[in-house]
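Consider the two complexes below, in which subunit A is the common component and subunit B and subunit C are the respective partners.
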Partner chain A sequence: MWEFFARSLDASTIFTIAALGELIGQRSGILNVGIEGAMLFGATIGFMVAKVTGNYLLGFLAGIAIGGVIGLLHGFFSITLGGDQVVNGMGIWILGFGLTAYIGYPYTGPLGMERIPDALGLSPFFFVGIALIAISWFVLSRTNLGLKIRSVGENPSVAEVSGINVAKTRYLSVVTSGMLMGLAGAIYALDYNPVWNYNFLMGWGFISLALVFFSMWNPTILLGGSILFGTLWQLSLNPQLLFPNLLSRYIWRTVPFAITIGVLVLMSTKWFSSRWGAAKPEALGQPYEKE
Partner chain B sequence: MSTEIKRGDTVLAAKGITKRYPGLVANDHIDFEIKAGEIHAILGENGAGKTTLMKILFGLVQPDEGEIYVFGRKVNFKSPLDAIDLGIGMVHQNRKLISAHSVIENILLGHPSAGGILNLKRAAEEITALCERYGYKVDLQAKVWHLSEGEKQMVEILKALYRGAKILILDEPTSALAPPETEKLLASIQIMTGDELAIVPFITHKLPIVLTVSHRVTVLRRGKVISRINTADATEQSLAKEMVGREVIFRLERVEDVEKGKPILQVENLSAFNDKGFLDLKGVSFSVHEGEIFGIAGVSGNGQQVLAEALAGLRKAASGKILVDGIDITNSTSLQRWQNGVGYIPAEQRAVGSIGDFSLVENMLMNYYFEDGFSKWGIVDTRKIRNLTEELIAEYGVATPNADVRAKGLSGGNLQKLILARVLSRMPRLLIVNLPTQGLDVGATEFVQNKLLEAKKARAGVLLISEDLDEILSLSDRIAPIYEGGFMGMIPGKSAERETVGAMMAGLQQKATVI
Partner chain C sequence: MKLGSYEVKLEKKVNFTGWQATVISILAILFALFLVGFIFLQAGVDPLLGYKEIFSYAFVNAFGLPLTINRAIFLLLCTFAFIVPMRAGLWNIGMAGQLYAGALGAFAVAFAFGAKGALTSDLSAGLVIPAMIAGAAVSGMMVGAIPGLLKGRFNTNEIVVTMMINFIAFWLVSHMIKEGGPFMGSGGEGEGFKLPESIQPPLYQGIPFTIWIALGLSVLLYFVFAKTKIGYQIRAFGLNPSAARYAGISPFKISLLVFIIGGIIAGLAGYHYFATVPGVYKITKNYGDFGDLAFYGIICGLISQGNPLTAIPLALLFGGLTNGGRFVQGKLQLGFGIDYALLGVLMIILVAFQFFFRYRIVWKKMEKEK
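Right after this comes the complex of A and B.
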């Protein structure tokens, strides 16, 4: 039983960090639906670097760096060129899917390094995730930088006339966002499931994306949502642990995705937006042009 | 600024400001100066170059020629930040505040001494001191979307002052305020000038306010300074004449002698929700008769928008009944309402009243496509609708090169004329007009108001929704001030007093219904 929950918390860590990255970007007004692609890059590059150098730290740093580069790329298309953020994000996903399948192919198989030791029976990254949530909450709600990030996400033209550099603030957020996604991917590939295969994330990024909406853009609710989805994910893999002989395991396998669809549909209803709409960054997804 | 400012010092001077846009000289060698402790109003119609000048003074736009001096030093603004740093503050007409954030967060946004970690306690103390100085009362922790227009403006002024503004630019400062809020604003401005602040209000309409508070007035027309007058030497008529370039009749001819006929619109206990899911309209009942203008006066956000949309068929009624000529249209579509003789002129000319990327012909078609003769078997008779559009453009004096230009290229006044032409040419039985002259200059306002009186003469029932007290008082036969979703009473237009209606709009005074 403990094993089941420990593995659930390990899984939730990846959701937490990836979704936190998405949340920071979205609070600044930049939607990145290509989170799955950014994670695939972080996972694959991190895996390759760790395998070649035999050094975990270098692997994680490489994952974070490539995530930052992907964030910068998304920023360039979405902020500087003012393109459609959904289209750019889909592009990042397709690029991540295709390119990592190509460059990672020779590395197919297990990492073959000693596993990262647990801390208190859990992945040490669980605690990293909690620390990142606490830091993000503090920065967003209590600091000048956080106020700037929230302001460019709510109403960039107001921020502009208040003397804020909108593009700079959004770039900062979107690169940070990408770095966290890259880190989440690297944790998946180096700690959670250190066996490379093409497209081995299989939807973790999309669930993280849904989690941001589920969290109503609040880091603390995000943590709760991640743990819930981490548990569901484990349950979907091993339903017999809790509910032996109930339903086929293929049905269990769809549960996290079905719930994701349900959450997204619910969030897009008028009923929901009329009650909770104020939580959504008002300028989310909208390119900003100076007057 | 460390330099001491004395009363009468010139704090801001602009010399020979020129800004050209393709096919247009927006500002043509404009000179302007303001002294500490002075209120120097800039007056002009839409398109006179006010907005461009304002943007230049605040660093949003860079002039092609000319020089700006602040406290005697030549400056070159590259962005609003440069202007803010030199002590220029701006209070925007469409409030530049973040509605999801609290008041204090809005005031602190962009403040140089906000620091890494926000010191909300110290900031709150300092802002509260400012509030006391100028007689403002505002809850610093409240979210901005909860505030009234007047409170939002207060927050913008506080934000500018907290950043150390010595020169305050006010864009149409009284345009969305209830009368008591206007009084409060004017009182606080008086205190500010006592503190050697310089105030520059930019104004298109509401001339009386210019006269009560300002020391000097600069009038712009077609990008040029037409005159600079000491307010003491000016009258409302003389200013309007300078501004428009011809005499303007201020007193509209009241049309009293239209026989009041049978009721056209009957509304019974109508309630409706707004977009946020709050009950914005709380059970109003009234009727509008043939040959009558029924005026609903209210500050925006008191339910009149929801009422207009519910009557036009754009919003579902939560409860209650709407009858037009005795037919229940509560659940009719807006097309059925058009066919029943309801005409709607929305407040949002560009978002609801027209499609910007469509030509004028196509925009005209929007109220005609369902009419026999304009389409057959689903195919539009383009020649017929084009002829109609061209006739109406000529009749209503819409200034446009031809009928094929896109609607978004028209100015506000011309677009409103086009929408009026489209709706009135169908001879509606009931005309619903929401903020018909909002943002229009003096000339266009006069035109629109005369058209409403013509509709009344033609025995239509007119439901006029307006924030402009003068408009309501001069046009309406009956007035119903609306406050927080309900009528404060119903009074005859002939004997209505400005102060009474103003107080009722602000929810201060209730009056028994007089039919």
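Right after this comes the complex of A and C.
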């Protein structure tokens, strides 16, 4: 049973870090629906570099770097060119899904390196995730930089008037956001399940996107939500632990997705949004143009 | 910005003609093909030779051409499933889930008529084939209705909902066709059962009748958008939802309607590929590939800007490229997934080229100071 919870926390780490990346971007007003694409890039490039060099650290760094590049690309389309952020995000996702299927294919199969050792029976990245949550919470709500990020996400024209460089702040957030998504992907491919297969994420990125909506844009709630969904995901992979011989294993795989829809609907009801709806960054998804 | 004696400026475009849009789209496609050429180079293949092989297999070869057309029918239906909600400003990226549902619906009907495990049984084609089409349409519709209903009633984000349904439907198909699922074929290789010959639809030159459904739909949809009240309401809602609401257009009705239509058409795409294409006639092991291909519908939809008639040549082009791409992989010993790489590159180039729809670059000769 401990083994199951340890694996659940490992899974939740990936949701936590990917969704935290999305959260930081969204707090600055940039919506990226292509998390899954950025994660696929981080996972595939990280996996390839680690496999070729035999060095985990290089793999993770490569994953973070490519994630940053993807974040920059999304920033360029959304901030500089001012395009529709949903279209840009879909572009990021389909690019990630299409291109990684091609470039990663020769590396199909297991990583074949010694597993990363556990810390206190858990993946060490669990603690990295907790630390990242704490840092992000501190930066967003207690520092001047956090105030800047939040203000460009709420009302960019007022922020600009008060002397904040909107484009620069948004670029900073969206690149950080991409780096975290890349890291999350690399953790998946190097630690959680070190086997490459084309389009292997099967929905992790989209669930992370939904998790940001569930979190009311608050990193601490995000952590709670990720642990819940990490456990649920792990349970959907191993239903026999709790419910032996009930339904086929394929039916269980649908459960996290169905629950995501259920929670999303609950969050969009009038009852819910009239109580907590104000948490949403006001300028989310809207391009900003300097007057 | 100054370049020599010229000044380069960006100006916001107020409107652009259909002709300009066509030129930009063609340039975007050519640029994407140019970039994919580097993949050929990296694999040690002359890109021109690579494209020549792709196009000659896809559009000239007697084996390749029917495959291309069958693929194009599939992509065209997926495109319509995307553009109907797109005209209302909504994103249906659930074509994959809806077409899986359509395939399951069609085979459920065949199953009910006792088609499983009875390859030689003599079923009435005139009865079973229409029933299978109806089964595909109804199950695609039910799956499509979910995001429409949630969008209309609660304003739930349709991108996340459709994507979640894609995964749910994906695993449901696995449940039905693998490991002793009710639709599992007799071979036990994790495939669906094969349709008996009596209900395999007749072919003309290797093309099933579904081509008429696809072409008919493109004319019908064009007419609906251009000439009817409901088409006008859908477009008005897509351009400005709040203004449309003041004009008495119900957001609930429009959201539900466009997703129902999208779901029905995607369901038919599922029927087309798994029940009418020669050599298939079952839900294949790699059914997930067809869900992935459905995303070409987004590309055709974005390039055609929601015009169902323009979508026809585009679907044919991408049908040919994906079909020929798979062929040259084997012939020229390229890596797997050149069609996937093209999909990704095309999408991001289109995103980048969107910019030219909104701005135009102006070159001005600077006047010499006297």
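One rule holds in what follows: the second predicted complex is superposed on the first by the 291 of 291 C-alpha atoms of A that agree within 3 Å, B and C clash if a C-alpha of one lies under 4 Å from a C-alpha of the other, contacts with A are read in each partner's own complex, and residues count from 1 in each chain.
Here is the rule we go by: contacts are C-beta pairs under 8 Å (C-beta built on N, C-alpha and C of every residue); 3 or more make two chains touch, one makes a residue touch a chain.
Keep in mind that this is a model prediction, so the values were computed, not measured.
Partners subunit B and subunit C, brought together by superposition on subunit A, fit side by side with no clash. By the document's definition of touching, of the two partners only subunit C reaches A:105; subunit B does not. Taking subunit A as the reference chain, the count of touched residues is higher for C when subunit B and subunit C are set side by side.
Looking at the shared chain after the overlay, A:147 reaches subunit B, while subunit C stays out of its contact range. Judged by the touch definition given at the top, the superposed model places A:282 against subunit B, while subunit C stays out of reach. Contact with subunit C, but none with subunit B, is seen for A:94 once the two complexes are overlaid on the shared chain.
Look at A:84: by the touch rule set out above, it reaches subunit C but stays clear of subunit B. When the two complexes are overlaid on their common chain A, residue A:115 makes contact with neither subunit B nor subunit C. In the superposition on chain A, contact of A:168 is made with neither subunit B nor subunit C. Taking every C-alpha of subunit B against every C-alpha of subunit C after the fit on chain A, the minimum distance is 7 Å. Put simply, subunit A uses no single residue to touch subunit B in one complex and subunit C in the other. Here subunit A touches subunit C in the complex through residues 33, 73, 77, 81-84, 86-88, 90-92, 94-99, 101-103, 105-106, 198-199, 202-203, 206-207, 209-210, 213, 248-251, 253-254, 257-258, 260-261, 264-265, 268-269, going by the rule given at the top. Partner subunit B is touched in their complex by these residues of subunit A: 142-145, 147-148, 150-151, 154-155, 157-164, 274-275, 277-278, 282, 291.
Those residues of subunit B lying in contact with subunit A across their complex are 55, 58, 60, 79-81, 84-85, 90, 92, 96-101, 105, 108-110, 114-118, 143, 145, 159, 275-277. For subunit C in complex with subunit A, the touching residues are 39, 91, 93, 146, 150, 154-157, 159-161, 163-165, 167-168, 170-172, 174-175, 178-179, 181, 292, 295, 298, 302, 335-338, 340-345, 347-348, 350-352, 354-355, 358.
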